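One chain, chain A, appears in both complexes that follow, with chain B as partner in the first and chain C in the second.
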Partner chain A sequence: MTAAAARFAVVELGTCTVALAAEHIAAILDPEDVDESAGTIIDLNQLFGIADDDGPARLLCLAGAVSILIRGRIAFLHLDVDPCHRPPLIAGALRRRCLRGIAIAGERLIYLLDPGALDASSLGPPTDPRTGSRTDGESCCASD
Partner chain B sequence: MSSLRDEPTAEADEGKSGELTLLAMVVGGVELALPARAVSAVSAITEPTPLPGAPAHILGLVATGDQVLPLVDLAGFLDLGHGEGEENIASPAAAPDERPMQDVPALLHKLSDQNARMQDRPGFPAIDPMFRRALIVRAGELEAGLVCDRARGVITVSQAALLPPSVLQGDRLRSFLTAEVEAGARIVGVLDPEALLDAAAIR
Partner chain C sequence: MLRIGLKIGLIMAAVLIVTATVQLWFFLSHQSDTLTHALEAKAVPLAELAAHDLAPALEDHDRKAMDKSLSGLIKDPDASFAAVFDASGNRVAESGSDSLLDVIAPRSVTHASASFSDDVLRVDVPVKTQTGARGTLVAGFSTRALDMNRQSMLIRGILVSLIIAVLGIAAGLGYGVLLGRRLGLIAIESEKIAEGDLSRPPIQARQKDEVGRMARAFDRMVTTQRELVTRVNETVLQLNSTGGEFLSTAKQQEHGATEQSTAVEETNRTLGSLLAAAGDISQAAEGVTRNAERTQANTSDMAQRIGDLSRQVERITEILELIKGIASKSEILALNAALEGTKAGEAGRGFSLVASQMQRLAENVMEAVADIRNLTDSIREATQGSVMATEESTKLSADTTRSAQQIELIIGQQRSATEQVSTAMQDVAHVATQTAAASKEIVASTQDILQLCERLAMVVGRYNLRAPRRS
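Then we have the complex of A and B:
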């Protein structure tokens, strides 16, 4: 761990590892206990196109009006994400998945979520936290 | 990914005597080359990390040194080697569709199968997956590892030996060819690295 390391919520999504800075997480809730305060709910599996929905569902409520539905184990780790890589060749793919970039952690590559991009105004209809389904089946961040 | 890396220079590409230095490779049974100035390294390939929502030609990402590099399936991107004996008579490619990330290992397996089939075909060089390499290519701000079946090495040709593309077929391939050149008994297609990376980029 270096001086630049920060605490992240880390989730395994299929063969990908996704991390979100813990400082952005206001609460972790059971989806059954959610009310309107959770705001727009983004299903991380849908965002990443992962069909696997094994594991318990949890809701990471961000400081804004967005929550992230996550299935599976959430680990809190200290990661050094500096530098955060954003190869220009794939910038569009990162942007559409609300990713700030990629960090190298040992032999793993970790995708870093961008809380700012997870803006409710740029998202489709909300996800039902109990079923995990969207009303129109679409899931994407701004696809400019 | 282990690699030898050099800073590309124009001087490495075009000698004072009007010679052009190319890095030759085999992609889907077709002999191709890139200007050496665009290739900063040739590297063995490690299992890439899938990129969410990527089109089919992006195999994933690998860490090379302290960089993160996208790997491009050059055979698939150029419509080479995915048919049965029609590798270089390809139809124009539609925009690559998105595929589930779980398909990446299957695609790598398919590439191995494809190479195994190529070895049994007369007229094609034997290709073994162990020879597969990524040519790390930069053009402007874009950089990627272009996956080929085999990196043949550096060849130097006279500028006068560069001929307009006429032998190698395939609309998709043709759109990225700048020239053809005879290298021994082979016809080698010279690719435009700028156009290639620009088309492969996800905007």
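Then we have the complex of A and C:
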């Protein structure tokens, strides 16, 4: 991979920081105002198994029929990210290349999402919201 | 002083002498008449018989025959004279004492008649002949023999009376002495008993007369008196012992009554203090009641204000929710603005900065709302705690009010009861004082009784109560 500079929507999900290219975001909505046009909603906190939800709930509507539900602070930053690899930590549910990789911005470790891979058909069954357990520990990188 | 036996003997002798004298007088007075009648009863038939013998001689004027008949008549020892008179009153025959014949005068009688004159019984008897010649026989009978007989009877009566009197005196004296001896024995025993000797043997009289009955009654009286005195002695001893115990008890009672009186007075003073304390407690209870009621009113007011505060907090919470919603919308708008600015590239950079500031501002607002929310939650919790505390305080105030009212009621009842007890204790004090005085009087009376017991014991001690000696 090569380093690329772009505008990202950086979302702080508890101890994790997730970044998504701003160009893929169509709009940011309040989940209470969303109807069926939002399409498939993917709970990112649940996807990452983060129970902390100290931030307000926001719905990031992506191009297409997928929306991402997040509970955390959103900031638009210009990042020079260098996706390195796909560590085993984020394997499992993200093994189908929904995660472009991990970037290092200063002292922070940022997970870069691949919006194109985020569709309902490719994510498979979501994380069980009751138990929060993932299906397996297979590494995304290893699957590549 | 004459003894009773001599008195009885003299009385009996006097009675007998009087009786004999009366009897003698009665006998003599009646015997004179009896002798007179007897002389008359003898003289009249004798004269009639002589008159019958004289009738033929008088008819024949036979002087000798008439003298012979008169001599036969005059032979009677009591006859003194006899004379025959014819119908003309001439004395035709006579016999006997001349001195008496000289004073005889004929009487014309149709039947025999007798009369006394100068100690001479004169009998006039008509002499009837066959031819009808009549005459009168006058015969005189002397009462000298009668007088001699009367004197003899008198002497014999006197002698008999004297003998009777002597015998009566002797019998009276004897019976009197015997009676006096029996009475003397009773008198001696009575004197011994009077001296206190009840150990004398019984008289044991066997006679059935009044003295015997009196002696037996005396024995019974002595026995009864001995039992009575013995019982009195035992009673005195028992009374003395009981009196001593009673005196001890009475003194203890007197001491107890005095202590009781003192205790009652102390109790009365304590009751007075208790009444005063009850009054103070009642006033304090009234103050507590007023304060509790005031506290209850204040607590109710506080509860109402806390309710108002709670409602205000709720209202603030609602407003905070509204502000939060607005801030959230503002943040979303800022995010979308920032997104659009980002999409616009370099041209939207300033716009993105403004959007970022707006987003930060919205976030600050939301943080402030969160802080205020925390504060309102704290206020709500504090309010709820205050409400609970106020409710508890209200309940406590109500309980305090009820308790104070109950205390006031109880204190009032206690005060009333204490006043009743005080009144009763005053009566008790009065009674205790009277009891103490009565106890003193009982002690004094008991001491008097003991003194009387001692005197009675001295009196009873004079009696000798040993078993009676065998006579």
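Everything below uses one rule, namely that the second predicted complex is superposed on the first by the 103 of 144 C-alpha atoms of A that agree within 3 Å, B and C clash if a C-alpha of one lies under 4 Å from a C-alpha of the other, contacts with A are read in each partner's own complex, and residues count from 1 in each chain.
Convention: a contact is a pair of C-beta atoms (placed from the backbone, for glycine too) under 8 Å apart; a residue touches a chain by one contact, two chains touch by 3 or more.
Predicted model only: the values in this text are computed from it and were never measured.
A.B. asks: According to the stated criteria, A:74 is in contact with first (chain B), second (chain C), both, or neither; which is it?
C.D. replies: second
A.B. asks: Quick check for you: in the superposed arrangement, does A:9 touch first (chain B), second (chain C), both or neither?
C.D. replies: second
A.B. asks: Between chain C and chain B, which one touches more residues of chain A when both complexes sit on the common chain A?
C.D. replies: Ranking chain B and chain C by residues of chain A touched puts B first.
A.B. asks: Taking the superposition on A as described, I'd like to know which of chain B and chain C A:28 touches: first, second, both or neither.
C.D. replies: The answer is second: A:28 touches chain C but not chain B.
A.B. asks: Which partner chains sit in contact with A:56 here, chain B, chain C, both or neither? Use first/second/both/neither.
C.D. replies: Touch partner of A:56: chain C, not chain B.
A.B. asks: Where on chain C does chain A make contact in their complex?
C.D. replies: 328-329, 331-332, 335-336, 338-339, 341-343, 352, 356, 359, 363, 366
A.B. asks: Going by the contact rule at the top, pick out the chain A residues touching chain C in the complex.
C.D. replies: For chain A paired with chain C, touching residues are 7, 9, 22-23, 25, 27-30, 56, 58, 73-76.
A.B. asks: How about chain B: which of its residues touch chain A in the complex?
C.D. replies: So the residues of chain B in touch with chain A come to 49-54, 58, 61-63, 66-70, 98, 100-102, 104, 141-144, 197, 200-203.
A.B. asks: Considering the complex alone, what residue numbers of chain A touch chain B?
C.D. replies: 14-16, 47-51, 83, 85, 87-93, 96-97, 99, 102, 104, 107-109, 111
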